[in-house]
Amino acid sequence: MSKSRIPSATQSPRFSGIRTFMRLPYEPDSSQWPNTDVAVVGLPFDTAASFRPGARFGPSGIRDISTLLRPSNQFHKMNAFDKLRVVDIGDLTAIPGDIQRTFDNISTAYHDLAAVSVIPLGLGGDHSVSLGELRGLAAHHGPLSLIHFDAHCDTWDNYWGLKYTHGTIFRRACEEGLIIPDRSIQVGMRGTEYDPADLDASRSLGFEVLPTVDIVKMEAEAVARAVKSRVGQNPVFFTFDIDFFDPSQAPGTGTPEVGGLTSLFGLEIVRRLGGLNFVGFDVVEVLPAHDVAQITQLLAATLAFEFVALAALGPPVWNSASATAK
Amino acid sequence: MSKSRIPSATQSPRFSGIRTFMRLPYEPDSSQWPNTDVAVVGLPFDTAASFRPGARFGPSGIRDISTLLRPSNQFHKMNAFDKLRVVDIGDLTAIPGDIQRTFDNISTAYHDLAAVSVIPLGLGGDHSVSLGELRGLAAHHGPLSLIHFDAHCDTWDNYWGLKYTHGTIFRRACEEGLIIPDRSIQVGMRGTEYDPADLDASRSLGFEVLPTVDIVKMEAEAVARAVKSRVGQNPVFFTFDIDFFDPSQAPGTGTPEVGGLTSLFGLEIVRRLGGLNFVGFDVVEVLPAHDVAQITQLLAATLAFEFVALAALGPPVWNSASATAK
Amino acid sequence: MSKSRIPSATQSPRFSGIRTFMRLPYEPDSSQWPNTDVAVVGLPFDTAASFRPGARFGPSGIRDISTLLRPSNQFHKMNAFDKLRVVDIGDLTAIPGDIQRTFDNISTAYHDLAAVSVIPLGLGGDHSVSLGELRGLAAHHGPLSLIHFDAHCDTWDNYWGLKYTHGTIFRRACEEGLIIPDRSIQVGMRGTEYDPADLDASRSLGFEVLPTVDIVKMEAEAVARAVKSRVGQNPVFFTFDIDFFDPSQAPGTGTPEVGGLTSLFGLEIVRRLGGLNFVGFDVVEVLPAHDVAQITQLLAATLAFEFVALAALGPPVWNSASATAK
Amino acid sequence: MSKSRIPSATQSPRFSGIRTFMRLPYEPDSSQWPNTDVAVVGLPFDTAASFRPGARFGPSGIRDISTLLRPSNQFHKMNAFDKLRVVDIGDLTAIPGDIQRTFDNISTAYHDLAAVSVIPLGLGGDHSVSLGELRGLAAHHGPLSLIHFDAHCDTWDNYWGLKYTHGTIFRRACEEGLIIPDRSIQVGMRGTEYDPADLDASRSLGFEVLPTVDIVKMEAEAVARAVKSRVGQNPVFFTFDIDFFDPSQAPGTGTPEVGGLTSLFGLEIVRRLGGLNFVGFDVVEVLPAHDVAQITQLLAATLAFEFVALAALGPPVWNSASATAK
Amino acid sequence: MSKSRIPSATQSPRFSGIRTFMRLPYEPDSSQWPNTDVAVVGLPFDTAASFRPGARFGPSGIRDISTLLRPSNQFHKMNAFDKLRVVDIGDLTAIPGDIQRTFDNISTAYHDLAAVSVIPLGLGGDHSVSLGELRGLAAHHGPLSLIHFDAHCDTWDNYWGLKYTHGTIFRRACEEGLIIPDRSIQVGMRGTEYDPADLDASRSLGFEVLPTVDIVKMEAEAVARAVKSRVGQNPVFFTFDIDFFDPSQAPGTGTPEVGGLTSLFGLEIVRRLGGLNFVGFDVVEVLPAHDVAQITQLLAATLAFEFVALAALGPPVWNSASATAK
Amino acid sequence: MSKSRIPSATQSPRFSGIRTFMRLPYEPDSSQWPNTDVAVVGLPFDTAASFRPGARFGPSGIRDISTLLRPSNQFHKMNAFDKLRVVDIGDLTAIPGDIQRTFDNISTAYHDLAAVSVIPLGLGGDHSVSLGELRGLAAHHGPLSLIHFDAHCDTWDNYWGLKYTHGTIFRRACEEGLIIPDRSIQVGMRGTEYDPADLDASRSLGFEVLPTVDIVKMEAEAVARAVKSRVGQNPVFFTFDIDFFDPSQAPGTGTPEVGGLTSLFGLEIVRRLGGLNFVGFDVVEVLPAHDVAQITQLLAATLAFEFVALAALGPPVWNSASATAK
């Protein structure tokens, strides 16, 4: 029997019903979280965007089109929702213009979720939300490995004198000791830069950086191997900025860069990351106002769907411990 | 204290949270309905459309933008959600291609709601859903008065030999004895017709018909008086096809007609219909795929908001009876 | 029996079929024109636009949504397609960049149509096409009265040294003796100008000019009376630039001006112009690429529909002569 | 001399004229069909869609942008319209909500076309129309091989208890003996599923299934070889669901799946399928309301254009028989 | 000779050239400001929006379509650009997420402009920018009268504990003594509210409030009279939130309210406000990402154009002083 | 120190400021050009388009989104704006409907730029503008090599009897002796044709033609080698029609062809063309009205950005001569 109560599409048409992620149960009540394996959570914040805002509507947009998804995963030949209990806990409170209060709200909730062994799956929101997520998770798990798919390193020092923006948060995460850069990897960087040494600056922080021009010459399997060998069995947070993809695949984003990869190639990598010790996920920078035919939102929803499979494929030991505990 | 738990927009930003109507509590459990005054219900059916389909996404679209609405009504100087308990019960199951089964689902639910003195407020869906609604309500209340705002009479006999389409349902409702045409009124008719006698055909069924060309010469107050004197204190169902409005006000609909009225004028009429004995409402024919900047959806959501006020302003006797019963 | 074979919408759904205007018969063969009363003709030219081009797609766009129209006219309680034989003769050949050759193509065809007593109903195209139309019609009928609904007078002298643009053609028409300005009227002018005396320049040519700021204080009936008394029983060409309407009503146009009138008000005027001696019509400046939900195209199609009614309501003598001749 | 009268784009601009497919002659009169090789036919039905409706506007949308196509095929160095007489016979009557009557209309017309050796080329419409097409063709030709490009197998058993939907028709076609599964192939499957065994279910029916994850590792030539060796010289129906392509290539569709192939790769396969014994084609699931810049419609039109080439490249014997017969 | 060098549209097509407002000279150098009468200035800030962000693109959007405007004013029969020297000084630096620094930048620049007798004409940005503008202007002129056209009073106390948002700034302006509420007026309020007493709260601060439901019964002339008699010859700041208009007229905005007025009616009021002592203007809350066919941006640009006329029509004394000084 | 004054994005947000290309200085004054290395110039002409017009808005559209670009080039690890002085000289005057006058304006300005050793970088406009550019450059440099990326050869003889259209200009350029076909190359051809021999006709003129079906089998490096070996150290003009790319990458164009290449692959070729003797560049056929989320415009802007790098990587001798001369 399925652990996650998703209405059957052959009984209730997918276009109907209240828009939770994949029509999963809505469970805002934290007392119910200990029964849960994965919690989908909206992070509707976009004050920290440097170009187009609008990612505050990312969570509702992703949920809306996620109803099109069916529960079974063709690549893994598995219905992950049978193996894990997945719920949608709604949105955390994001305060436009008040990034620290927003960070606190996110960090507190993520710590609470981690404390009861729930893996949070965040729907952004601009990329700054990841700093709040990392604070909450690292408070429970200690410093984490980071898998970071993105067109940008997000390790600039500041924008307009502001230390906390969507382009600076992974430098902050290093400074705050939330992540272990030399067990972390940044994948997909491309586009114009402020300085020819921008990528090197990220490497100086300790990150491995795999830019798009290198990836395009590799097989998806090889990229996946590089990622897996980098993070090993460390607890890992997987953050996915939708602008990793070419604008043709993901027009609905705030700082697009042409010359990106296809959704097929990106998914082929993601699907091969099973067996890692994931403690959290997010997909960020989805701007419905700039999307066309909801394709960016559908891509983000599909990534979230694949993340649930990765959670289900997590390291056997950790999983069975979880199984015992619940 | 408010009877309806709407999150405060000054605590939780309106752009956040799961998309129920106005972020009202989601209450699919019929055992909770007896505590309720008004139930918002989605009717995502569009098989019966004669031109553009897509109204199946009307309920989710209206809910999405309804989060912009604040709870208090400026015209009535009243927060109707303090007076009535209003919930969103989600969508009824609509089966594309199977209109009779869909009618049955709607009719059963509406009868159940009426039986526990809940006023259903339907979000369509193409206009055919109103026949299902009327069947359910008339089964409980007996034949009803109908207030019908629309560009079209929807009293044609058939389309392509089909008796049940969005353009024929009020003829069917007459034939089935669900409404009392001579205590009913159709408001806003305009546009091209199949036959010069189309409006007269509706009058022959017993309806009073107020076409747009006549309304535009009247004050909103006069239109409201005409409606109120027609229906008196009969139990009344108020059905509002969004194409009543000019396409500039409501582009997101299936059979638009140019030369319609403004949203301001339409709202001015609706707000003056307090004091009637409403037993149900719907707003139909909203097609998000053809909307721009969500303005049609916002107009439909605002109508639904005004309907809650009309419910709160309902006849004192009936209301206090209800108050006693609950 | 109907003279115009429009497929019955209750047999063949309106969304189906090849896109002629209102699904009228396609009749490119000029040998069949003597049997015809009104010929819908596309004029897909837009080289002469001074701001946004794209009106070359106006004819196909108007035809596409015209399928939504039903044949009977609610205001006149008449099916004009029963009284007149109306066909769609397709598009005339417009050569981008070669305005004189395009004028010649239009003028020749219009002369041919007039010669066999067919009233052409042109679908633009930028407004320059009207000069070609007037040349053809005046060659047969002599100088014409002009009814000109528009936000602009189109009587500037030149643009960038070019004498033939969509903003100069009615000055050219005066110079060429195609129209009788003092039996002609321009209705709806508004917006910013090149010189404070722009309207006066049009009046100096002999036109009566009714700007929007004056019209808005009048009843539709009064505007119609002003038009009718101006043109009398002269042969008259009715040209309608869709930017007469407010951009909210007609966003899909090339040089929009805010502060315009509603489609309801405009139609109310047009419907009251029956009984004039119309020898031709056009509706121009429809740009589908800038339209939303096809509302501009639907408005243009509806105007064309109303023009057919005006043709059917034309002076009894002329009409019966036509009836005899055919 | 060309057998198909397409207006020369160097005489008559491609943006002008009535919208038949590629501005081919419109030939609704079945008495003219015996002179014809390929008949383009619109199938504007979408009641059977499980998510977004709107494919009823697919035929008119594909026709509209098809005017951009030039007649000569760069890959085959051939103008197929010189070799074959191709006409557009308009739309068959599709009845919203009445799938069986629609099937009958399609099946009758397809049988009639096949009976006079015309190859029908259908423009959908949701994918359910293929069942009507197969019924008509199999009645003449006997059971057919099927080449099926799609993201989905469409071999589910039912949706909401309904046996006839766009997701179930190829199971029905097997049950009705219209196709020979073990001489048929399904190409391009991907995306989420209802059950991990969904693809196997299709294989159990006898189909060969080539999912996208396998195709992406192959050359186009190899995919074409697999298809050709599967169907041999059996009479074959080629059905192409536009959602075979990635949503970036074909956003205007009803049940998109991310992670699809490019239009270049898909076309490279299709162009290599010459020499088969094609008895019919369709391209389906095009929804203009969700398209952007008409790119989906242009892709569908280009597929139809390539289908004409495949028809011209058909087996010599059959073709010369046809040549003799006509 | 014209004081403002606008390229002649009859020499240089309006669609060409760098996008300053109306193609006015770009003059960022403050040393040139003393020669100037009116300075158009962009205020690209949107952190303080409570629903949709995106107004940071308002200034560039308004400038882009402003090229369509011609220099002469039809209502006033005047080319105001001949009377006043008008320049575009570009955008002030707005820092996303740092409202106080943004206020300081605006306030400093506005004080500098006022100090050299230049009237700033701000292009927003969310409405919070007006507080920065008022601080700068009041520092020079002392407390100002405010003419405030808007759907909302923007006098709420806080949002989510934040005192500075686009919904609270006029309460702050009162508290800071920047405006004289009892010589100020708020025009156009409508829509849903947080509390039935919201309008009264604004009145308690001293404002006169003219809601839309009252305005719709008045002539434009009467509204203008009410405004003029309220502010007298006080120095006045005119702030215009584009959501004053109905969403059909101005879809591209952040917190739309249905039931608003037309652009024609709004312009008719504005044009009648000549003769007041204007010291500054702004038009705010324009969100290009939600606009359609640029109609909202064109409406905002037209308002700015009318503001220049109002500046030219300012009180004779002040004007001639200015004339002497420059 | 940077030679080009681009505002720092970490001081002044990229979304702010007047829209010159990349916020470069606006320098219309030709007396300042001798100090310049590269001049960005708008060519807003679209009369010569054979299908969709609208490229007149290409220059302003490309400039608008170009503000998103950062100055440093990741591939070349170089900030080309430090090496070269780059300015935006605004738009040349294009006269709709008067192609020869427009050619003259372009040709004169390009000759003037070349005469003072400035490399012009044109933003189109339809492709006809390249003929004006080539005339001006060849007048100074003599016959040029041409690198031509495009879906079409643009070597047809005429359209509708017109010799000068966007599809015929490179045949004209050959006839006028402006280019050396046998040191020139056309890259990316695909799509439907008027005649099976269309590509051969281009080859007969002397061009090397690399169609898309061949390129897709090559590495980017190999395509670049083919281009470089073809043009050698001849002075070369690089013209890039955005429809070279697949419509998914560049929907905003006038004559799209499906089955094109990705932006990643195209950029990979362009970046490898360093070391050639470029005397001019353009990117053409960008139609903002058909773009989605500005992705086409961003791709065009990125190409222009890469062109600046190619200019900076030009042959050492020529460059140092330039350095000496200035």
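Order of writing sets the chain letters: A, B, C, D, E and F. Residues in each chain are counted from 1.
We take it that a contact is a pair of C-beta atoms (placed from the backbone, for glycine too) under 8 Å apart; a residue touches a chain by one contact, two chains touch by 3 or more.
What you see is a predicted model, and the numbers here were worked out from it, not measured in a lab.
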Copy pair subunit B, subunit D: interface residue numbering same or different (half cut)
same
Longest centre-to-centre distance from subunit A, chain (CA-based)
C
Whole-angstrom distance, CA centroid of subunit A to CA centroid of subunit D, is 39
Two or more other chains in contact with one residue: find those residues in subunit E.
11, 13, 15, 50, 52, 56-57, 93, 95-96, 160, 246, 248, 262, 290, 292
Chains touch one another in the pairs A-B, A-D, A-E, A-F, B-C, B-D, B-E, C-D, C-E, C-F, D-F, E-F
Sites on subunit F touched by subunit A in the complex:
9-11, 13-15, 68-75, 77-79, 246, 248-249, 262-264, 267-268, 292-293, 295, 298-299, 302, 305
Under the touch definition given earlier, write down the residues of subunit C that touch subunit E in their complex.
50-52, 156, 158-160, 189-196, 198-199, 211-213, 216, 246-248, 251-252, 255-256, 258-262, 290-292
Residue numbers on subunit E that touch subunit F, as the complex places them:
11-13, 15-20, 26, 42, 44, 56-57, 59-60, 63-64, 88, 90-91, 93-96
Please output the residues of subunit A touching subunit E within their complex, sorted ascending.
46-50, 52-54, 56-57, 93, 95-99, 160-162, 164-165, 289-290
